[in-house]
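Before we start, here is the structure in question, set down as structure tokens.
When the chains are written out, they are named A, B, C, D, E and F in that same order, and each has its own residue count from 1.
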Amino acid sequence: MTALDTLLSPVVMFFALGLVAALLRSPMDVPQAFAKGLAVYLMMAIGLKGGVEMSKTAMDAQVFAVFGAGIGLSFGLPLIAYAALRLTSGLSKTDAAATAGHYGSISIVTFVAAIDALRIADIPSSGYLVAVAALMETPAIITALWLALRGSKKDAAEDAVRDRGELAREVLLNASIVVLIGALLIGLTAGEDGYERLAPFFTAPFQGILCLFMLDMGLNAGRGLRRGWRKLGVAPIAFGLYMPLIGASIGAGLAVLIGLPPGDMVLLMVLSASASYIAVPAAMRLALPESDPSVYLTLSLGVTFPFNIALGIPLYIGAATLLAGG
Amino acid sequence: MTALDTLLSPVVMFFALGLVAALLRSPMDVPQAFAKGLAVYLMMAIGLKGGVEMSKTAMDAQVFAVFGAGIGLSFGLPLIAYAALRLTSGLSKTDAAATAGHYGSISIVTFVAAIDALRIADIPSSGYLVAVAALMETPAIITALWLALRGSKKDAAEDAVRDRGELAREVLLNASIVVLIGALLIGLTAGEDGYERLAPFFTAPFQGILCLFMLDMGLNAGRGLRRGWRKLGVAPIAFGLYMPLIGASIGAGLAVLIGLPPGDMVLLMVLSASASYIAVPAAMRLALPESDPSVYLTLSLGVTFPFNIALGIPLYIGAATLLAGG
Amino acid sequence: MTALDTLLSPVVMFFALGLVAALLRSPMDVPQAFAKGLAVYLMMAIGLKGGVEMSKTAMDAQVFAVFGAGIGLSFGLPLIAYAALRLTSGLSKTDAAATAGHYGSISIVTFVAAIDALRIADIPSSGYLVAVAALMETPAIITALWLALRGSKKDAAEDAVRDRGELAREVLLNASIVVLIGALLIGLTAGEDGYERLAPFFTAPFQGILCLFMLDMGLNAGRGLRRGWRKLGVAPIAFGLYMPLIGASIGAGLAVLIGLPPGDMVLLMVLSASASYIAVPAAMRLALPESDPSVYLTLSLGVTFPFNIALGIPLYIGAATLLAGG
Amino acid sequence: MPLTASGNDKLRLELIIERPALRRAEDLLREAGVTGWTVVPAMSGFGGQTRWSRGTDLSGSTDMVVLICIADEDALEPALKRILELLDKRIGVVNVSDVRVLRPGLF
Amino acid sequence: MPLTASGNDKLRLELIIERPALRRAEDLLREAGVTGWTVVPAMSGFGGQTRWSRGTDLSGSTDMVVLICIADEDALEPALKRILELLDKRIGVVNVSDVRVLRPGLF
Amino acid sequence: MPLTASGNDKLRLELIIERPALRRAEDLLREAGVTGWTVVPAMSGFGGQTRWSRGTDLSGSTDMVVLICIADEDALEPALKRILELLDKRIGVVNVSDVRVLRPGLF
């Protein structure tokens, strides 16, 4: 059974190990510098592999349709998220907008875990979805800022404008965009041949390094949750659980319209369902300093990330095989 | 010849390189965050491998006998160490108790180096000894606290009790216990099949990473020795050399009683002979702040660790092949 | 075509990626501790491989001639560099001497990139050039100090003498010398057999790790350049571009005299052409504190390093095949 | 001791601020003509209700830093007014104390 | 300048303490009602006889940290008494100085 | 409060200096009889014209560190004279302030 296989994959189990250790207040940690280095490695690896795969197939209309869908999802999902938060939770306009932005953007680690799960389930997927992931990082931030600053005092908007240059750099040139897009292009140029020489570093140890990284993610998620959950009411926590399902459903709908094969459908669902915890919080601290980081960090890293890793991904795989494989 | 082979193994030579560089006051260092990350890797690797091996064999009475022996050694060895230190060295009651605790507990890097040496010598060993290593980390701390606080002013004991929660977490949930036990369970669940996918990360580069880590250990041991040796008299330094032999002998005796094969006997000897320099010092700073860290850190990392790596392990392998293979 | 192949090798492209990201002021970075750890790995890897190769061939007169040539180049090149700088740039005596010292010493990462380029071009080279690299690190520093302190007030010279011990340790026992020489000796002792067990860590992932490291080098070079170029006039920047060519030419001349095969000639040219940005700046801050680090760091890391990686190495390979293969 | 000479009295500004706001604070200082400062990374902190510690937040956006700036009162005063504005919506703590310096000409 | 207004005077506590004792010190501060502090990691130090430096001791148990706390005298006084007790057997150095703050209401 | 007792007044030296010069500064302090200090790593800084930040310079030779030393005026005075000489050609900033300590006997 796919779902159980995924749940018992070493990647998920190491995440669970970290989560449990943090909830029990273990003093252990994976040094931040080491984990960040591993994150750069993971992004290089999926970028290169995606590029090599893209070098083998033509860019047809379907690919551009998925690019468009991804950008549309990133712009649009925060609107739904904002409405849901304003209606159900007591969050302020600013906090709701900032949080909504996280759910339009993506979590690259969730994406990587989904690629791993697809491999276990033996479902093929396309390399260009790495590009879709990079394209979906940023648009959500624009929607979030628009939601927060619309009709606000001149003051706040002015602030945001003054920091525009810095914000643009932070958002368009952050590590994941630079490394993903860069490695994708390098993979495209290097092609199958060039990749072969790099494969011993980038293919073979991928799963193992992902395990080590997931252990750290579990520790982070658990600590975030332990420190932040008190500040969150029931409504925001519920939002962190149902919003990925809304995102995944819309992603799946678009994938069916475009006619994507099941593997690619799963990845588009995962991108829609996942929430950012690196690029978007950094942008929000810069542009909306009065927003409360403990709300969005706890939700995206402490609630939505574990949900997607443990339950979401198997669920999306199940749904996609039903929808596409029918 | 086994002993020379071990001495000239790259793992031992890189340790020697670091040690010599530090004694010559080289400014070089391996960044702490990187070395700590590698340590987590090493523990994941031996935990997973141990778990996979355990998944293939039944847990019989002998296994439980070794668990019991390990726990008993960890509780008991500090009593011998304490008596030796109080009789021969001028160390205060607190310092002697704190130091004794280190020698009941274990050094996981020494254990890993021993596994490597066994592989060079082509002697098989069992996966469950990783669990024994984890079990032996903690009991010694309880003995040390009892030795130090027995009959002391209400004050100190009260302190220790007040921090009990923190101490328990520090001691029972430290990185090596969490990662060793966690990876062992994950290896058990994943079994041979799941491990195959992880093997490229966890088996192939193991020796190389161990070399890199050993270079750092050599630097640490050398620096610790250079800074701390002046504070130590001849008696404590002698203790750091003969105590591992006492520990190994008792470990070997128990192994003979249980009827362990030579590889497992070596590992039990190494666990008994090695001294902690991560978990126990942290616990002692917390529970016995008036103890002097430069005594126990210098002894365990600067004296006993190098002794075991360079001379102890080949010696224990030789003894075990004599005793068990006779 | 060799030159284009080298330019489009993943290693060079990842360097370019980092350089561009830094020039566009991307906030991304590879954690320093992680990059430093990778650097130790790279040096261990080339040291070990060099040592294993040396264990297979005899040390003949030619080898010692190359050792002598390397030491001579390191002592001598700073004299040329100093003259060039004093004649063309407005740099003070101290700054010119300090900068000159960098160009007599070597950049180990450039050396590693050249080994990689030789592999792509399928040109063999000898292991003992790793030893030449280590030998060339230091002599240039002595020439630089002599140039700077010659005829200076007693004061400055006295300072330099007072710190002699520290300076000697900094210079003779820095990370790259310790690790290169140490790993070389370990590789020599271990020989082909011992290396086989380490190969999965040290051979297979080499290129991939070099890519990751080069991304970081690109970021560093770009940032150094962006911050420092304003302080530099046209003459020093031109020096950073023509000095490697001078160095490479002299290196090539000596290689022709000694009768080196093309691969070894390339490596000697690269060592002569490259400039230090780790060992020498550290020594200069210690011994010539009044020298301006932004001059020599910007030149060696921001100008000469990228030049060698992108254009120099293919050029030297082309020249060497002409000269030696003619 | 040279420390008691006149002109040696300076102010020491210590600004504990979240890392994303650091660049803005630095720009303000530079615009106000302050000639130097040094930034030290914090590893954890507590503020009324919540604890943070470096490494738990992967984005680093809640990390705090400590900016230390030695300056003349004349240079610092205009900078402080603008920093007060900056801090309005930001997380941050600022304190100023009297210090003596050895090389007064530098500031 | 707002710095000279009354109520702006606070104390700055600087506690240099070994990392394993940090949590206890923080608990004492919190129990005494202090509302905020920031902790900065040290990289090395010297104390009479021995030098330590981060990274040599793998357990990190001899690492020192610097806790900076801006607070009212009223809040700090009870905390200091208990910290003095804590330091009795511990390794640590504590100093207090006078500072002025910009937003006095926060403390 | 014990802080106002006589003998509690000490000086706090804060030396912001480039890392390669740290060992020399420490030697000077030790020779002058100062009994303890703590060093904190800086992550970035600005000084008139150029910004530096840790990690960009691979040699670490332009990294700055902050040395904090609590000491008696008597012990510090001779040390300061020599540090002033050291700083002559070096990059560095030094300030001294008045603090009160809890355990005056230690210094």
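One rule holds in what follows: contacts are C-beta pairs under 8 Å (C-beta built on N, C-alpha and C of every residue); 3 or more make two chains touch, one makes a residue touch a chain.
Remember, it's a predicted structure, so these values are computed and weren't measured experimentally.
K.L.:
Going only between touching chains, how few steps reach chain D from chain B?
P.N.:
The distance in steps between these two chains is 2.
K.L.:
If you apply the touch rule, which chains end up adjacent to both chain A and chain F?
P.N.:
Both chain A and chain F are touched by C, D, going by the contact rule given at the top.
K.L.:
Just curious, how far off is chain F from chain C if you go by their C-alpha centres, in Å?
P.N.:
Once rounded, the distance between the two centres reads 35 Å.
K.L.:
Just curious, how far off is chain C from chain A if you go by their C-alpha centres, in Å?
P.N.:
So the centre of chain A lies 40 Å away from the centre of chain C.
K.L.:
What whole-number Å value describes the gap between the mean CA coordinates of chain C and chain E?
P.N.:
Computed value for the inter-centroid distance: 45 Å.
K.L.:
Which chain B residues sit where two or more other chains touch them?
P.N.:
29, 31-35, 37, 204-205, 282
K.L.:
If you look at chain D, which of its residues touch at least two other chains?
P.N.:
40-41, 97
K.L.:
If each protein chain is taken as a node and each touching pair as an edge, is the resulting graph a line, ring, star, complete or other?
P.N.:
Shape of the chain contacts: other, as it matches none of the listed patterns.
K.L.:
With touch defined as at the top, which chains are paired up in contact here?
P.N.:
Per the contact definition above, the touching pairs are A-B, A-C, A-D, B-C, B-E, C-F, D-E, D-F, E-F.
K.L.:
Over in the complex, which chain D residues touch chain A? Could you list them?
P.N.:
The contact residues of chain D facing chain A are 18, 20-21, 23-24, 49-62, 89-91.
K.L.:
Under the definition above, what is the set of chain B residues touching chain E in their complex?
P.N.:
29, 31-32, 35, 156, 163, 166, 220, 223-224, 227-228, 231, 277-282, 284-286, 289-290, 293-294, 297, 301
K.L.:
Sort out for me which residues of chain E touch chain D in the complex.
P.N.:
1-3, 10, 12, 26, 29-30, 35-41, 65, 68, 70, 97-103, 106
K.L.:
Mind listing the chain B positions that touch chain A in their complex?
P.N.:
Touching chain A: residues 31-34, 36-37, 40-41, 44, 48, 169-170, 173-175, 178-179, 182-183, 185-186, 189-190, 194, 197-198, 200-202, 204-205, 282 of chain B.
K.L.:
In the complex of these two chains, what residues of chain B are touching chain C?
P.N.:
8-10, 13-14, 17, 21, 24-35, 37-38, 204-209, 211-212, 215
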